[in-house]
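Quick notes on the structure that follows.
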Amino acid sequence: MKNVMGIINLSAEEDLLKGITLHRPDAAVPFAGRYRLIDFILSSMVNAGIKNISIFTKNKYRALVDHLQSGKDWDLDRKRDGLFMFHPGNLKEDTSIYKGFLQSLYNNLDYIYKSKQEYVVISDANLVCNFDFEQVLNFHLKNKADITIVYREKDKNKEIEEQFFNRGLMLDLGENNQIADMIEIEADFSISKKRRLFNKKFNKRSVGIYMMAKSLLLDLINASVARGYYDLVKDGFIKNLATLNICGYRHQGYLAKIDSIESYHQHSLDLLNQEVWQDLFFNPGLIYTKVKDGPPVKYMKNAKVNNSLVANACIIDGVVENSILFRRVKVHKGALIKNSIIMQKTEIEQNVVLENVILDKEVRITKGKRLKGEPNYPVVVGKKTVI
Amino acid sequence: MKNVMGIINLSAEEDLLKGITLHRPDAAVPFAGRYRLIDFILSSMVNAGIKNISIFTKNKYRALVDHLQSGKDWDLDRKRDGLFMFHPGNLKEDTSIYKGFLQSLYNNLDYIYKSKQEYVVISDANLVCNFDFEQVLNFHLKNKADITIVYREKDKNKEIEEQFFNRGLMLDLGENNQIADMIEIEADFSISKKRRLFNKKFNKRSVGIYMMAKSLLLDLINASVARGYYDLVKDGFIKNLATLNICGYRHQGYLAKIDSIESYHQHSLDLLNQEVWQDLFFNPGLIYTKVKDGPPVKYMKNAKVNNSLVANACIIDGVVENSILFRRVKVHKGALIKNSIIMQKTEIEQNVVLENVILDKEVRITKGKRLKGEPNYPVVVGKKTVI
Amino acid sequence: MKRGDDLRKKDCVAMILAGGQGSRLGVLTQKLAKPAVPFGGKYRIIDFTLSNCYNSGLDTVGVLTQYQPLALNTYIGIGGSWDMDRKNGGVALLPPYMRKEGGEWYKGTANAILQNMDFIDSYQPNYVLILSGDHIYKMDYSLMLDYHKEKKAEATIAVIEVPWAEASRFGILNTNENGKVLEFEEKPAKPKSNLASMGVYIFSWEVLKEYLQQDEQDPTSSNDFGKDINPKMLKQKQRMYAYPFEGYWKDVGTIQSLWEANMDLLDEYPQLDLYDTNWQIYSVNPNQPPQYLSATAKVCRSLVNEGCVIHGSVTRSVLFPGVYVGTGTTIKDAIIMPNVKIGSDVVIKKAIICEGVTIADGCQVSCQEAGCQQCYSEAGITVLGKSITGTDISCHQKVVRRSSKEFEGFKGIGFNTGEILT
Amino acid sequence: MKRGDDLRKKDCVAMILAGGQGSRLGVLTQKLAKPAVPFGGKYRIIDFTLSNCYNSGLDTVGVLTQYQPLALNTYIGIGGSWDMDRKNGGVALLPPYMRKEGGEWYKGTANAILQNMDFIDSYQPNYVLILSGDHIYKMDYSLMLDYHKEKKAEATIAVIEVPWAEASRFGILNTNENGKVLEFEEKPAKPKSNLASMGVYIFSWEVLKEYLQQDEQDPTSSNDFGKDINPKMLKQKQRMYAYPFEGYWKDVGTIQSLWEANMDLLDEYPQLDLYDTNWQIYSVNPNQPPQYLSATAKVCRSLVNEGCVIHGSVTRSVLFPGVYVGTGTTIKDAIIMPNVKIGSDVVIKKAIICEGVTIADGCQVSCQEAGCQQCYSEAGITVLGKSITGTDISCHQKVVRRSSKEFEGFKGIGFNTGEILT
């Protein structure tokens, strides 16, 4: 995949994870004990041999810059190509208003022009998956597609699946993998309208990964921006449906799109299935993240931990079930944690009981306190809160 | 100097170098063949053993981020402390308006609090010097100063010196190195008023380097921001002149403050004095910059280069006098370059004549063209121009 | 040009002796230098010495290698993990090398330093700190250097109080009330003091250089600090002081002491605290997902690292990254090194399982026969250096009998068979 | 876990032989391995091979060191300068080392590879590329590897056409029209072909392994690729091909060839273009200010690096970083290595001045007596390895007579006296 450049698009972010994204973009939300959301798609690109990767941010990008730094931990600190970050409005004056993804691309057109790769893959950042980009490229070439859009089909009936197929870019797939029609389902569509569209023909959802020739992307950017259009999908894809060969590639492995607190909570707990764990972290490649120094987990005398993921440097003397513990969490004797996600450097004191909660970084729950949410409505506690 | 943290303040920048700062902050302006302005003060801090350095930017910081990256080339890519960059308005929403340096500091108060050093040195970024911070610390401690302000005294009568003392923060030094009074001379003061102030008592100019205890800085920030004041000098220093022991430290070595195109041009040509060259680049430490791969300079058969500075990877077959050539400049046969500054990747074709010009990066002057400015009014040619 | 030129000058250079074979660690050091042996669920032994250097503010460190250095070289690189990839100074790996006059291997600890005099001289240091790469401890060398300067000593030797009963197993220093060394006794039958040398020395470089050169001329010398250099210096009345160190310190040169040092970490409040962020032990960080403990797991009084998947019961044990433990398996008092795959219904007791080993379902690793030479180390600790995948399991393979349960062959979920080590 | 586990597998591993003493370079390699000798005003010789690897897309390189490796180790580190500080692969420095059975120095090129079989095996490569660290050239090894695969060869040897008149100085390969090697001739009196071996080999690893092990059993073997392995493979009818290379290539094993290769760079359009950004030669970049040419300087047909200060005249010469040239001084046909300080009114002709040397005012470096053994190298090139600061200058010091001008002692502006190199 030396001939493909990667672009990660953070422009679509709309603070869907309120409460844990106050100080960070969605892409920098901690996930799975030691990662940030962006690690999954970024590592997938690296594992596919993509060596030129850029990230187009929208706002609040400091957390992301701190996380990625020079790209060294993803092996992207390179003399040629490597990792690039483009922030809005810092090129000329900082008075410019953010207009859309295509505007960001247009502002950095020289970078895209100069890049030596022939193909480009564009991806959203909020995808939890270990994605095989090589297969998409093979599909793209085999189908002689102008644009390939990766989609998922509904295959289970879980509540969370329902949500997933109730929004976003929905595809109507025609013959020969060609997309016959597509529509962006907005949040304010009525449920009955959504159902109708889905049942009719728009029953495949784009996951937010697109592949095309770099030259075509340049054409789309120039043509759209010249007319004052700034949306890649609506202005670049849908308006050109008639003239371009746009194909759909079906992704079949594990993939979760994190776009709400509920999906964050649910998909975090997905990882407690050992098959998902194995698939997500090892297949086809490893997921990289910013490495941190820290000793192993210490299980004390009274520890009882079941069906849980635990990151390094935790010290556990309590009971933990169906939960995810990030780095340096302390669980004292007598504490009980169930169906919860506990972020970095949080301390759970003696005899605390937690169920269906999400604690952000550096929270402290003092002796004997109890917090309980519901699976579809977890209690979220903000960074550095003391309860 | 393990006990001192460094802060580089870019907030005062006002695009004084129009023409070569369209895409960059003053701090990122190329200087002396292979450096950026910020390299001098940053290297001085590093050489003094300061290991925790932060840079507070105002706008257009991408060029600076690209230049500094992880800080590796300044030996600042460290597990503890190291290099930090703080950009305005990216902490919360990007709607916030830039109010002033103290606001930036206030927005990142947690970083300053957490830093383990007891003292802080704050410096502007547009200083060309090889500064000995250890002497300032010794002076500060010996004089039991609350704040030490570094100043220069007028010691020559060159035109450029005149300019230097006609603006900025001017000090009236009393006894025991204590500052009796100070005044900020604004650009719109009449020349006669400036002269009067200077001749009276305000005859020492602050170079923009301040040292104080971290705890005092925190007090000044909190007190000022709470009242809606955001200027370090006017609100933090001048208003507290009566209650604080503010001392002046006289800097005697080479120091140039680059705040206009003319001073940029003149001070660049200062370096053609071998004593200045030696002083600036070796004494007390080395000046670091982003390293770049490139072969040595190649002098061809017709090369004739005198009283000039030449950076690596240039190929020269023409005549160069009293000039500065950045990396990868090509000078063809028959070309004549005098009193000029030629930035990176510029090509000077056959029989071109240049005198008193500043060419930004990647300019191309085609065969036989002639450009001529005056020493106090150099011709400036913008990036990527073809003439 | 004062400072510009002086940039390379360093007050003190540290030299870590990391070339020893560590033959008493048997199979553990067959393809690995002793300082590279895994320790504490995450680290390699040399991490402690390197982290001590960094935490003490020493940024110029030579690591003397000789025996099986590849893993160590790859691991240390240019020292980035210990923040020692510095422009001036940093970590240098120093193997023996050929000169114009030919080359020779390091004959002893003192000879190793002698052969690298040029390296040390290039920093023009006032002092040289000599360290071993195979001790587990946290120590601020800068305090010892202050002590050395304060005493105006030519040599300072760090000492630790050991129980009187054990003193005869150590090199013992007898000092006066000011800490001045009066006498050395190597493993004295009747020790006069309980101050044991820790193998940590500071020398004034100019003085040491002379002794090294002198010692090289002496054909009877074993070119060793403890045996030759230090006694000679004492004899010739050089100012030599003992620096008293308090805290945890352990030489992990034997299977037993290595096992004990690992177990020490499992105390409720261990003397050596790995979780103290003020004196962190740095290491190369593996890239593994968080560990997964299944519904059937039972883990307590243990250290477990990332990438582990545990279905069985683990008690008072240390698990390195990437270990898999099947259902029904019981592990107790054991050290399980990286990427070991353990099947179901296995029993492991008081054992060290080497990196990458695979243990099939139903096996039992803990020899019942106390006299069995193959399985029992001195301390009754089984060291397993080879996978058990076949049915022909015998004591001869340093492995111990299967349980009565039918052998089924190990099939981990998606794990390949580990590499065979022995 | 297909790819997760396969991560370390590499199609081809490169091994650079960098252990040679290079005794024909005399004083230049007294304290320095040959591949670390400075070249071309900026580089060290090994930069060309390392850059070729990087530019060819090879990211796994072993560098075999033995003789005076410290400068080389420090220089290469983990390969960051060549963008080879990669997570998987990268550069590994491979000195000889001790095993359980003891250690031995590298006996020959083949033995050096044999001793590092474990290292190569850890990447499970299909092919191994064997390179020398002392040739100046730009070559895309990936094309040669394609050729090797296409020919289904077991061994491929890169060859270059040399002038027929010089062919008898090289190892010559006779091939059929398809490039298949039929015969080797080492320095043949009457060469049948003008295809000379460049010392660049690709082997199929499994086949090479066998031959290395076989060769080790042969007590008469010198354990060398050119003399032993390749002839044996040919004799036993292994498929061996010659890969024709076109372009600049030079073995810089002698003073004369080193000097010539430097001078070749000064042609108006040199065959080896250092300014071509598509095949850049990477090196560790010094941190020096731009060079300063004063009002009296006269520089042409020369390469001059950063940090130089020039007041005199420099023609057809190569100046490394940090060189100072005083007023009235004339330098011609010379190579001036880093940090050499040259006073006023000095004359230097056809010479190589070693790193850090200082030359006092008025000295003349260019022996007038053609028969003088001390000053003249074979090619009439003076190599100056020692500073001239006193008045007792004689031929014996490999330095040549002062001009008649009164000796004044060199006082550079703020420069300290360079270190004496012998």
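The letters A, B, C and D name the chains in turn, as written, and every chain counts its residues from 1.
Operating definition for what follows: a residue touches a chain if its C-beta (ideal position, glycine included) is under 8 Å from a C-beta of that chain, and two chains touch if they have at least 3 such contacts.
In this text, all values refer to a predicted model and were calculated from it rather than measured experimentally.
**Student:** Please work out which of B-D and A-D is bridged by more C-beta pairs in contact, and write that pair.
**Tutor:** B-D
**Student:** Measuring centre to centre, with centres taken as mean CA positions, what chain is farthest from subunit A?
**Tutor:** Comparing chain centres, D lies farthest from subunit A.
**Student:** How big is the gap, in whole Å, between where the Cα atoms of subunit B centre and where those of subunit D centre?
**Tutor:** Inter-chain centre distance comes to 42 Å.
**Student:** Any idea how many Å lie between the Cα centroids of subunit A and subunit D?
**Tutor:** 49
**Student:** Got the subunit D residues that touch at least 2 other chains?
**Tutor:** In subunit D, residues 1, 282, 414 touch at least two other chains, as defined above.
**Student:** Two or more other chains in contact with one residue: find those residues in subunit B.
**Tutor:** As it turns out, subunit B has residues touching two or more other chains at 77, 79, 278, 282-283, 286, 293.
**Student:** For a test of understanding, state which residues of subunit C touch subunit D in their complex under the given definition.
**Tutor:** Those residues of subunit C that touch subunit D are 1, 5, 19, 21, 23, 30-31, 65-70, 73-74, 77-78, 92-100, 103, 105, 118-119, 414-416.
**Student:** Taking the complex as given, what residues does subunit A use to touch subunit B?
**Tutor:** The contact residues of subunit A facing subunit B are 22-23, 59-62, 69-70, 72, 77, 79, 86-94, 98, 293.
**Student:** Going by the contact rule set out above, which residues of subunit B touch subunit C in the complex?
**Tutor:** Listed in rising order, the residues of subunit B that touch subunit C are 47, 75, 77-80, 278, 282-286.
**Student:** In the complex, go through subunit A and note every residue touching subunit C.
**Tutor:** 32-34, 272, 274-275, 277-278, 280-283, 286-289, 291-293, 295-313, 315, 324-325
**Student:** Inside the complex, what are the residues of subunit D that reach subunit B?
**Tutor:** Going through subunit D, the ones touching subunit B are 40-42, 268, 274-275, 280-283, 285, 287-306, 309, 314, 318-319, 413-414.
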